[in-house]
Structures are given as structure tokens and as C-alpha cells.
């Protein structure tokens, strides 16, 4: 199996699809859609194939591909798969086709939409698989371009500004990260995450960086941190997110929240933590506060929204902050409590996956509501949708309760593990974080109640169709997965258990 | 004193040829060409003049075979004339420039008496040729006066135009004044040293310190030189003379006359008065004529370049450009002690070609509708691509743009002055000033080229018909500018 | 390799032929020019193919030229020259393709154009300071005529400003070079000899000479605050000339700094290093901010050129092999990308819409009306932002890395510059090309009324050439770095560059 470059296939198949779409300008909208969907599904197929060959008991990278790329910069084309990558590849494989299907009815420039979508998908996959900063950063930055155009060209009335803000914020972060890696390369002569991780483990990275002045390791850490924090986003770097998510077309929002927001968290786990364990440890207390800020602020801000899309967007901030909360709690605490550490980290990884499923499903639901109401998506524009469209309401409910963390659905287990871990490490943080849980419950239930219950009013008052076949095609599998992973979380946990064990034993100062 | 008349005759064969040519021009015009058209008379006269100049060119210098009876080397006629390589090269250069002027004359507006015009031009040439070799104060003065008197006539030749008369008169008055200064200076030198031979003057001065009388003599000589070279602040005649004189006259004043003058004064100052030169290589100058030359040089560059910026008349612009170029020539004069005369020879020659060529273009235009203000050049690229191309070469060479000859000239002079002592002294600073001014100068040269090559022609503009002789001359001159620029060794090898 | 000097001669010959051909027909002049440019480029590529990287410059021609001053006609090539020669060929060819629509005085246009190109080739191959300077100046004057004759907005002003700045800069260079030459005894202009002699100069002399030569060259490289010629000149110039100006002429200045100023006067360099870096950083950021608020599309690109050249100069100021290698790579990259941007703005958009005001362009959904132009601009814009996968990224990364060892603070500022570059590029991209998307129906309505001439084959081929180059080098920067890095290990360069390539 190693002979075949599975990982390259995963990354580049969507891009090949994009290329085909680019080269066939006369393709009919229907054919474009079909082609895009086909190539989009390749990720899931290849991901499952890779998963079937994946040795889950091993913590290291598998299916590694490494070729010399730029010898004068000591850069390798280096891809590798571990549990975390696999998890995210699978997530991408699920969310991407769903996103494409969500925008199935959009008639504007179907071919171009598919093209950008596939580009985005490939770039995101590259980020999850690259093990050298150069290719990683290539995918990281390139993902912005299609995202920018997806928001700008297919987005809502404020899309231009939102897209611009989104890209400039992210590139701003990236610029500092780039500076950080320039410094790292200047000090060490390598950009390979693996080698840098080893150097960091031996304490040499910091030693080399501080050869000029003791201030610089911290500065470099901050640079890299900034790049990732903007992407996640960590409170208070989040202000680009609500407009971007709200203005993006439904498919775009789904991908943004389902996959792209994971890129930042992934970067924290893959890059920042292994490379700068001591700095992260030192900075963990204030960061913990920021993560808590995200948890609480995101939830309360969501509560105050009347625009459903913005509400879901803020809930994303809240949910992703849980992941960071876990990480920072672990980093802050050190090795005091191995069980709690493993629990928190497993929770963070699970939360990434689960949030991907539930948040994209939520965006899909909002998009479906919007399609019915002719563009309206205010909290008060609906009412009694459950009676008008019971199946649809049921499926939306699935997504909402998953997001809310109802036991038995997938969202619960991730949050539970996080809180268990954080409680064991820094109880006060867990206590404050609970505020966020309550607020989340509050606004999701408000959503649920206002839109689906009560008398039919607003957009629901007239004709209000139940779930179409298209919607069922998307929502039913998603709901099934939510249920499946809610009941059998070990399916996922098993993928990254050894990885988490290694982290817990190696990465703590 | 060894008065070898045969040797003198051999040495002066070129002068003889030219005098014969001048007489032939007059004779033919008076006898054979009576009643012919102006153009015919002009062309025949030009042909004869050109032939005599060519003959003179061939008779100039020493034939490498050594058996010919013409040519001379070393001192001649008891040291009154000096035929060293500089003299021979300069004479060659003068003849070349005169040839260019003659060619240009065929295209210019000479409304009457072309034969007289060209014969006077040839007489002036004789004066230049003698200046280049003069080694004795008296011969020097006489040759200078021969040249100058001819030039006064040439400047005022176009009697019908008040401008021309004004130019002639002004040039005459200033020139006469400068001659008086020069003669006074010479007489003081004679009084101080008891000789009019330059090497005896030098010997005499070697044993004297700087006396007040010597300083007066030096100042007199330099002032005269300043007038001759149109160096500021003695330049006031130049703009009017350049503007009013017939174009070939202006071309001659700016080219051959300048080359002869600078070589004449280089010889006078360095081989005659070299011991009282003083020093300007370092920050603290010592007394002598060099500091005066340095001041003239700096002032000329200032005045020439800055005043040129404000000109709207092409010829006045060229006049002020001539003043600024005089400043650089004076800079080259300062460096003769270290680097020899080849920089100034090269500079003066190539400058002469370029400026005479530019005047030639203006002359052709003037005959066909006038060319006073710079804007009269507008659309030249369409009216006559040939003239536009040639003008571009000449002007860019004046601006000092490689690979044209003007660039190497400037470069060579600057390198020579900097070799004196780098930036340690006045000479070095002047060099930097000169280099910076060359960027300023580019502006006014580009203004000219902008009209010629960019601005669209006026609505009533007609194509320019260029007489074939003038066309050939201008093209050859342009080729010479390019060739000397790319292979400066060709000219440098002559010195 | 020995064929390389023919790049120069072919260009000059092409200039003469184009001039002659232009008197017969415009098409003849165009094809002549294109043939000459392609021929030179092919020569350059053939040379590149047989090029064996080494730290010694390979002599191509070396004959006595002006024995009286010790100047030699000495052409050499090393990896740096070769990189830039290949760039010149590429930019020249593309520039001619984008000048295909020149209709007036076509022969003259291409004559000036190819003269400029010939001079540029000459500069990149010269190993003798005198020869270097001669070619350098040959490349200056044609710019004036190209802009003043065939340019647009304020063309005579822009042309004059540009040429005077260039000439003033070269006057400084000349002063510095003659000074060094005179003090060294005045026997040789070979860069090696001058460098050897310069070791005996006093500190003050080195400082002074470096100042003259470096800042003289830096004027042409667009160093703040001597950059003001660049935006006005670029805006005024016809498209082909803008492409050349930004693409190769600004590189002449940077190349002069690298090839002449640095190795000759290392002591002087040490003195001026912080000043240069500071000015370069100010240039990067200041020009970026100015670009952010421009209303004229072409001014944005003009200022972006200044900003990007700031990276080149910063890399030179850092003077580590990595940074300088990055600088050279950035020269190539910016040459290609700026050419592309100017081609889109000046040729594809302006020639069709007859406006460059962003306010006017905003009203046209250009991505619908000319999708090809929009696509090219988006890709070029991304490349210009330093997006990975395009040539700008490895260049900027190398510069950032190399600068770090000299001063981390510079790296931090430069990183901020990357951000500003992204901001203004995105802004102009969306305003100019994706203006009226929000208006939906109205945009479609407009689209029917605006019938722009289709993008011609010449434009397409030019764009594809340049796009291909930036992507190729972006994905495989080794192609050029393998040439450049050994060249930086030459003894001359080692006197000024600190540390080895890691």
C-alpha cells in the first residue's frame, strides 16, 4: 500500500477536479455540479481507504511521503498521516460534499463555484497532511484564495467587506507566522515540523533562537501563535468570523466552520505546542483566560443575535474555544494529572470532529430556512416550522442538540471529555467554562423554540415545504453520523489514542 | 636661432594648401561662376574649400615613411613653432572640424557671396592651425589675431540681419578687448623674462618666485583666455554671437576655434607658465594661475548650466551649453600636469563635432522657415527623420550619454582631475560639481530633444529638404560621434 | 555560454532592423522586434541550459577596449547574471507581445525598446565597471522617448522626471566609480581590481564611495525616498515600457548595488548598512500604505513595485547569502509579476475601458466582462502578495530568513510589509475586477452594453508566458537558486556577505 502515494492522492484529487473544471469553460451547470461532487467525494473514499490501512496502535506518521523539493531551502515535500490528520481528513471528506450539496440550487456560475470549492478542499487537506512548513504554509495560504472568492462572489450583500476582512486578518496573522518561521529557519536551518519538534524536545530550538537575545524565542512564539490564533479564531481575534460566516453562501459557511476553523486548532496541536512547549506553558495562564473569554463571550454573543447565521457563527467561536481551553489547560498544568491530560486532549480532538459535523449541519439548516423564506433568516422571521415541516425540524433538532451537547449525540462526548480533563487540571477554568455551556443551551433552545415551535408565522405562515430530497441526502447521513459517534465515540477515539498518549508523555514540560 | 625656411615651408604645407584653396575659391567665383545661381556658387566654393582642407589634412603631420618632403616634427624655425604630437593631432582635428563646418555651410542660409564667406573661413583656419603649433608669444598672438579677425567677419557676415551685425560687433569688441589684455600680459611676461620663446619664458620663471607683476601678467593672460574660451564671467559675448551669427560661423566659433584656443592656452600656460601654476589639488591652494582657472571653471559650470535651463532660443541654449562645457575644458586644463593633454584634446574635438553638428541641423532648418525658439524644432521627427536622428546623436553627446563621444570626453577629463588627489582638494570638488551638473544639463538637452522627437509638428509644418552635401556631412559627423565614443582609442592614439 | 553576448548584439541589431522595417509597415516592425527579442531570449535559455553553476564568473569575452584608461570589453556570466538575463529575455518578449497594439511610429518604438533591452543585457553581463556604466546609461535614455512618445497620463512630465532621476543617480555612480578608479591608480576598471585596490582606501573614502555608488544605483532600484520617479514614470509609460521599467530597469539599480557597490566597498557598506535597511523598510511599508489609498489603478501597481523592490534592497542590506539569494530571486519574481500586473492594467483593462480610475472600474463587473484579464490579475495579484506557490514566496521567505541573522527587527518590519502588500493587492483586485457583483441584475445589464474587444492572442501568449514563469519558479525555486547560491560564494561576494548558506 505504501507504494501508492495515498496522501498525495487525497490532497490533489480535488485539485485535479478543479483543473478539469477550469479547462472546460463550456461545461453545463449540471455537469459542473456533478463533476465537482464526484471529485469532492474522492476525499472520503481515499480517507476511508487510508483509514482501513491505518495502524491505529501507532502514534507516529504513516503513509509518509517525503521527497526533496527545494534543496537550497532544505525543503521537503513531506506528507504524513497520524490519528489527528486522519480524523480531519475524514471530517473534510464528510463536510465537503455536504457543502457542495448545500449550494446545489445556487445557479450563479456553478462551474466556478465548484472550482473554488475543490481548490479549497484540496488546500485544507494539504494543511492537515503536510509535515514541512513550506508545503504546509502553501496550502494554508492558498486556502484563503478560494475561500475569499466563495464568500465574495456567492455571498450576501455585505460579502465584499466580509471577505476582505477575513483575508486581511488571516494574512496578517500569517505574516507574523511567516516571520516566526523565517526566524526558526535562520536559527536551525530546517522547516520540517518533525525535525523542529525533535529539536524543541531537546531544548535546542529555544537555545538557537535565543542566540541573539533571550527575547526572540518569545517573539517567534508570539508570531506563530498570532497566525494560528487568528485562524481559529481565539478571542479577541475573532471579529472577522461572524461577518465572514454570515455572508458566505451556505456551502461556504459549512466548509469554513466545518473544516477551515479546524486548521487553526490543528496548527496549535501540530506546530505551536510541539515547537514551543515551554513558551506555551509560560503563556498558558493568560491564554486560558482568552479561551474562556471565547467560550463565554461566544455563547453570550450568540444569545444576543437575531440573525440565525450569525448566531451559529458565534456558537462556532464558543465551540472552538473549548478545544483551545483544553489545550491551554493541559499546557498550563504540566504533567500533574496524566488521566486528566489525556482526557482533555482526546476531548479537544473529538470536539474538532464533532463541531465540524454539527456546525456544518446547523449552517445547512439555516441555509435551508433561508431558501424557504426567500433570504430572511432572522430569529423572528419564523415560527412553528415544526408543524409545517416535521421531518426537516427533526433533522435540524438533531444538529442543534448535537451542538448543544446532548448525551447520546456526538457533541456530548467531546465536551464531556474536555470538561473532565480541564476540571482535573484547572478546576476554576472548568467552572467558568460551564457558563458557556449554559449560555449555549440557552440560545440553541431559543433558536429551536422560536423557529420551530409556536404558531406558524413569518415566513412559515405561507407555504413552507418539508425537507426536500436534496436536504435529506445531506441531513440524514449527518444525523446518522452524529448518532453513531455519539453512541460509539471509540470509533474515533481509537484513531488517536496512542497519539494522545504520546503527547501526554512527551510534550509536557 | 636656426631659421630654416625650407623646414618652415615643409611644416606649413597645410597652411599653404589652405591659403591656395582660399584664393582659388575667390578666383573661381569671380571668374567662372559669374551670374550663376547662389546654390551653384556655394557648392563649387564648398567643393574647392573642402578639397583644400583635405589636401591640408593629408599634408599635416609626419608621414610614417619618413622620406616625404612634407610634415614636420619637433621645433621648427628656431622654436617659433612646435610640431609635437599634440600640435599635429590638434591640426588634424581642426581640419576635420573645418571640413564639417564647410559641409554645414552648404545647408545653411548664406544669402550672398558664398565664396567670400568660405575663403574667410579658410583664412580663419590658417589662424587656428598656427595657433595649435605656436610656441612663441608673437607667433601665438598673430595667429590668434588672424583667426579672430576672420571670425569677427564671419560672425557679422549676414549684413542684412541686424542680429548678425550685432553678433559681429559684440564679438569684435569683446575679442579686441581680450586681445589687448593678452598683449599686455605678453608684454609683461617679456619684461619679466626677457624672451618671447615659451621655453625661455619658462626658464626665466623657474628662477623667480611669484611677484606682483607676474600675478598681473597671469591675470591678464587668463582673462584673455576666458574671453576666448567663453568662460564665465567673460562669456557675455557668447549668447549674442551664437544667436546672431550665421550658423556655420557659430559652429566654427564653437568648434575649431575652441579646440585651437584650448590647445594654444594649454601650451602657453603649461609649457610657458607651468612654474607659476600653483596648486589646486588639495584643499589649500597655492598661488598661481591654476586657482584662477579653477574659479573660472566653477563659475562657468554654474552660469552655463543654470542659465541654459531658462533659455527658449536654441542657439542661446547651445551658447550657454558651450559655456558650461568650457568649464569642463578648464577642469581638464587643470589636470594636464598629471594626465597630459589628451583629455582636453579629445574633449574639445568631440565637443566641437557635436556642437557644430547641432548648429548644422539648426542651419538647415533655418534656411527653410526659421529655427529660433526651441519649439520651432517641434515634429522634426516627421519633417525630417534624418535631421532628427542626427540631432539626437549630437545633443545626447553634448549631454554626455554613453556610448557617444561626449561621454568618454567627460569621463576622461573627470578621471584625470580626480587622479590629481581624489576628493582631497578643489579640483576634486569641482569634478563632483561637474558630474552633478551633467544631470542638470540633461534636462535642457532633453527639452530640445523633446521638441524634436516627441512633440507633434505644427499644422503648417512641411517636410524639410536637406541638401545632399549637408546631409552627408551631418551623417558623417553623427557616425564620428558614435565611433569616437565606442573607440576613443582612435582619437586618443593621435595625441 | 559563449553565445550569451549575442543577447546584446541581437537586441541592438533588432533595434536597427525594426527601425528600418518600421518605414515599410508596422507589422514588419512588430515581427522584427518580436523575432529579435525571442532570439535573444532563446540564446539566454540555451546558455542557461549548458550553464554549470560555480562560484567563478565565466568569462565570455575579454578584449582590450580603451587601453588609455584601462577599460576592457569584458563580459562574464555567473548565476546572478544568468538569472537576470533570462528574466530580461522573458520580460522583453512579453513586453513586445503586450505592445502589439502600438500603432504610431511603430519602428521607432521598437527601436527604442530593443536598445533599452540591449543595454540591460549588457549591464547584466559586464564585468568591467566602465563597460557596466556605459550599458547602464544606454538603458536610460530610450526610456524617455518610450514614455514621452507613446505614454499616457502626464507622459512628458513622467518621462522627464524618470530620466532625470535615473541620470542623477547614474551621475552619483559615475562620481563614485571615477573616484575609486582615480585613487586606485587609474589602470583598470575590472571589478576585481577595483575591489582589491579598495582595500587600501581609507575609511572615509570607502564610506564616501559607497554612498555615491550605492545610492546612485538605488535611485533606479526605487529606494525610498528616491522612489518618486517610479510611480509617475510607470503610470505615464506605455504598457510595454511599464513592464520593462518595473520588470528589468529597476533591477538594473538593484543589480548595480549588488554587483558593484557591495563587493567594492565592504567597509563603506558596513557604515551605511543600517541606513539602507531603514530606508528599505520605510519603502516597503510606506509605499504599501500609499498603494492602499490610490485611486488610479496603475498607481497602485506602481507603488507596489516600490514596495517590492524594498524587499530586494532589504535583502541586500542584510548581506547574508540567504538574504541576497532571496533578493536576486525577488528581482526575478518581481520582474515577472510586475510585468504581468502592468500588462493587465495598462493593456487589457485600460486599452478597453479607457479609464484607470478605480471609481469608474468599480462600476463595471470586469470579471464578467473580461474574465481572462480578471483571472490573470487574480493570479498575478496573489503572486504579488507573496502567496506560496508563486515565485514571490520563496524570494520573500529567503529574504526574511536571511535578514533575521542580521537583525530580527528588520524581519519583523518586513513581515508587516507582507501584510500591507496583501491588503492593497486585495483591495485593488476586488474594487477593479469584482466591483458591481452586489448589484446583481444591474451588472448583467451593463455587461450587455459593454462590448469590449476580445483579448488578443498576443496578450494571451504574453500572459501565459509570465504566469508560467512565476508558477514554475514558485514551485521549483531551485532552478534559479541553484544558479544564484554558488555565485554568492565567489571571493568578491564573500568579502561582504557574512556567514554561509545553511
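Each chain carries a letter (A, B and C) given by its place in the written order, and its residues are counted from 1.
Note that contacts are C-beta pairs under 8 Å (C-beta built on N, C-alpha and C of every residue); 3 or more make two chains touch, one makes a residue touch a chain.
Everything numeric in this text was worked out from a predicted model, so none of it was measured.
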Chains touching both chain A and chain C: none
Per-chain CA centroid nearest to the all-protein CA mean: C
Approximate Å spacing (C-alpha centroids) for the pair chain A, chain C: 41
Rounded Å distance, chain A centre to chain B centre (Cα mean): 83
Computed distance of Cα centres, chain C from chain B, in Å: 42
Interface hub residues of chain C, defined as touching at least two other chains: none
Interface hub residues of chain B, defined as touching at least two other chains: none
Residue numbers on chain C that touch chain B, as the complex places them: 65-69, 105, 108, 130, 133-135, 137-138, 140-141, 144-145, 148-149, 156, 160, 163-164, 167-168, 170-172, 174-175, 178-179, 181-183, 186, 205, 208
Chain A-touching residues of chain C, taken from the complex the two chains share: 322, 325, 378, 382, 385, 387-389, 393-394, 396-398, 400-405, 408, 411-412, 414-416, 418-419, 422-423, 426-427, 430, 434, 437-438, 476-478, 481-482, 485, 501-502
Chain C partner contacts - residues on chain B that touch it in the complex: 342, 381, 396, 401-403, 407-408, 411-412, 414-415, 418-419, 422-423, 428, 431-432, 435-436, 438-439, 442-443, 446, 449-450, 453-454, 487-489, 492
Residues of chain A touching chain C in the complex: 69-74, 134, 137-142, 145, 148, 152-153, 157, 159-160, 163-164, 167-168, 171-172, 175-176, 178-179, 181-183, 185-187, 189, 212-213, 216, 219, 223
